[in-house]
Amino acid sequence: MTERPTLGWLASHLGGRLCGMADPASPVEGVSTLEAASSREVCYYGNRKYAKHLMTTRALSVIASTEVETTAKSLIVVKDPYDGFRMALELFAPDRSSGFDGVHPSAVLHPSVSVSSGAVIGPCAVIHRNCIIGKGVSIGSGAVLEAGVFVGDNTVIHSNVTLCAETRVGENTVIHSGTVVGSDGFGFVPDRGGMHRKVPQNGNVVIGSHVEIGANCCIDRAVTGSTVIGDHTKLDNLIQVAHNVTIGNGCLVAAQTGIAGSTAVGDGVVFGGQAGVGGHLVIGSAAVIAAKSGVTKNVPSGATVSGNPCREHMETLKIASASARLPGLLAALKTNGLRAEEGTEET
Amino acid sequence: MTERPTLGWLASHLGGRLCGMADPASPVEGVSTLEAASSREVCYYGNRKYAKHLMTTRALSVIASTEVETTAKSLIVVKDPYDGFRMALELFAPDRSSGFDGVHPSAVLHPSVSVSSGAVIGPCAVIHRNCIIGKGVSIGSGAVLEAGVFVGDNTVIHSNVTLCAETRVGENTVIHSGTVVGSDGFGFVPDRGGMHRKVPQNGNVVIGSHVEIGANCCIDRAVTGSTVIGDHTKLDNLIQVAHNVTIGNGCLVAAQTGIAGSTAVGDGVVFGGQAGVGGHLVIGSAAVIAAKSGVTKNVPSGATVSGNPCREHMETLKIASASARLPGLLAALKTNGLRAEEGTEET
Amino acid sequence: MTERPTLGWLASHLGGRLCGMADPASPVEGVSTLEAASSREVCYYGNRKYAKHLMTTRALSVIASTEVETTAKSLIVVKDPYDGFRMALELFAPDRSSGFDGVHPSAVLHPSVSVSSGAVIGPCAVIHRNCIIGKGVSIGSGAVLEAGVFVGDNTVIHSNVTLCAETRVGENTVIHSGTVVGSDGFGFVPDRGGMHRKVPQNGNVVIGSHVEIGANCCIDRAVTGSTVIGDHTKLDNLIQVAHNVTIGNGCLVAAQTGIAGSTAVGDGVVFGGQAGVGGHLVIGSAAVIAAKSGVTKNVPSGATVSGNPCREHMETLKIASASARLPGLLAALKTNGLRAEEGTEET
């Protein structure tokens, strides 16, 4: 933002209509929530659950839809308030630049590395043999790119990330700190003596464009071929993606989920947090895997599953509800003279 | 320890009374367990479960309470043996200093960074624009502090930690290696084409004083405002704290727990390992969340919950116990001529 | 590989017999799968499930056992096809060398460090006071070895690993990126004021030989003595091993598993992914802990357990199967005039 932003300027950038009593020339200092906003900040209202805060907010103006036009508050009326909020956040994004430009002298680049114009390589970053860094790429402080890594244009690799050898990352992708892409998959052959011989992991990881990968994730390289993360897929933090997994486009994977080896995930699949998916499975497109699910078999496209072992979600709910009535049932049966002893079923 | 420690010196430092036959002038070389202690080490006894080891330990002396005064062993009698053990461990803490003092010449500090007296900044640490480092702070080797980070006095940031832009850490806090504080929260707006637009994460993370955060944790920055970890709260390893979560004071969070966005945790809450907490929930103060719980609704203050979806702990136990009797029940009912078919309930 | 490999050369190195129509002089360019192999690559066939791919593969030759000798395909017939595949992968392992040799000038070694012949220390690695680095060891870029660390011969420490003070690692062991070995265990004594006093963690971590530890794992140092990982044990990614845990020899631990403090794991134990094991337990040798299990009591040698809280696996299956029939049972009972109310059991 070159000029000092005003309410009128913001409404116009959001494609919204300013209504209510606030002066369009009022300066806007930032974006906040209904509850926390100061009288120089804007916020948004998108959920009736928060209607009471709408009445009491101190915000200068509220990004909202037409349905609340009658309120006395100053409003920026837009079609989709949450998307308006998103745009306002973009307009007020803080400057987090490191203060270091270009290739920092403390970064160590092998002479064979190719760096395109506009790339920024932070202090103490290390780039091994034969890497290729696209235009406008940012490599964070302390990040390590091992041999033969390719990073597409405008991708951001944050501080202390490790991209292991031969990893390929597309364009406009973001990888957050501490994540390791391309470490060896977990493959061993049992030995005569109860020991384990390592199966060399000769493949790599290929990450698409417009992908975002959170902090401290692990995406293992393939045995042969590639472990693949499709375009527009977003991973949260602390996620495990095993060797030879393929994840399609536009998926959302919540934190601490783990996907075992060779499983194929379709497009637009959503995983809740701490979900676990077994190996060699197929998860159909647009499936929803609830948080903490244990997926032990294929999931059809569009299905919603939950529980461990997971079942169709409605079925899981029915069983959980019935189980909650079980102590009462046992009491009732006892009254009726029927005894159930643990483990006496004979079939 | 400047002088060579003796048993008498140790007893006096623990505020304990030495009894039994050991010579107060005996040198003490360290602290160990009942089973592993050598004849030059001390250990502690605090649990009747280990009474048999009390008889056979080779330890020079045992930190214990009055209740075992009759034993033939040499004892250091204190009120709280476990706290005495803790104090003895402090007295015998090994020297783990890196050997590097002050600001190491290989560390890269932006000229705008302010470093207070007594701070130690390790080799290959990187500190971006406008950071402020308090007195007596230790920044580990390879740690990265991005723009505008504030670190309070006497805080220890271990090797290879990443503190993202605008993170604020209080005094006397410890953050262990590999942890990432302040990476972007997981926020996206679904797009027409099934793709996802990033919601900028404009907020930060604020960590209190006397906090300890384990290794390879992830604490995400807020959308607006701050993700907060209260004073005296302790986190174990590999924990996920999502954007806009607030954790109160004096909580204990065991390893691999995940807390989803905007959840508010009170004071003194205890989480078992691998617990998962949904978003936008309220966990009351002094609640206990058992290991592996899946928390899907608010938890009242002082409640103990377990299971997935979690319930009051006693209820979970009852249901689990009743479920264990279910196979037997089905057998008994069969004998009584009643058949239960899966999925035929009509309500 | 100095010479250009041919099919004959490969068959001979695998100790296999070439049969079918392919020319032993055909060049082999790599190893792949039945489905993905090009006509210049070999693959393996070891599971009838993939028999249809055996018919359609474009592979130059297939590593297989005698049982499929009749196929028209070119085969390399060996006793154990999977082990043959493993050997072929070894022969075709890509060159991932960093391009940096010896001790890189940007690495920071305290003068007291001892480095044996043939060790490679990558750019921006940091090695504190009194470390000892064995022969042929490789320390990755950005890795940090704190004071008094010992690394045995031929061990590989990957990029951005942190080995905390006094950690001891055996020979021929591999530790992948982002892993933290030896950070403080999670030990606190409750205080009068609801706060928590730190129990100093004076012990260390001892890792055996021929061990492999995945990426972003956490292995905590002991309170006193050592946390131990036995020889030939393999850990996947994002695993938590708490203080004073001992893991025996030849174990396999899948990703995101957590083992709480002081638990003793025998030899040859297998853990599925996301398993959780409580503290102070004994897991007998050759036990199998299914994925997502919650282990709350000792597990006998050779047992297979699953579920949370875990039970003998067959029992868990019976209860799960019975629970699935419960909604139908409740319906049937209703028809029979029996009502079960939740929570009305009186005992």
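Per-chain numbering from 1; labels A, B and C assigned in written order.
As a convention for this text, contacts are C-beta pairs under 8 Å (C-beta built on N, C-alpha and C of every residue); 3 or more make two chains touch, one makes a residue touch a chain.
Bear in mind that the values here come from a model prediction, so they are computed numbers and not experimental data.
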Size of the rotation, in steps of 5 degrees, that lays the CA trace of subunit A over subunit B: 120
Interface residue overlap between copies subunit B and subunit C, same or different (over half shared): different
Centroid spacing, where centroids are CA-atom means, of subunit B and subunit C in whole angstrom: 25
Two or more partner chains touched - positions in subunit B: 106, 124, 142, 160, 178, 216, 238, 256, 274, 308, 315, 318, 322-324, 326-327, 329-330, 333, 343, 345
Subunit C residues within the subunit B interface of the complex: 106, 108, 110, 112, 124, 126, 128-130, 142, 144, 146-148, 160, 162, 164-166, 178-180, 183-184, 186, 188-189, 194-202, 216-218, 220, 223-225, 238, 240, 242, 256, 258, 260, 274, 276, 278, 294, 308-309, 311, 315, 318-319, 321-333, 336, 343, 345
Contact set on subunit B toward subunit C in their complex: 30-33, 36, 82-83, 85-86, 89-90, 92-100, 104, 106, 122-124, 140-142, 158-160, 174, 176-178, 210, 212, 214-216, 232, 234, 236-238, 249-250, 252, 254-256, 267-268, 273-274, 291-292, 308, 315, 318, 320, 322-324, 326-327, 329-330, 333, 338-347
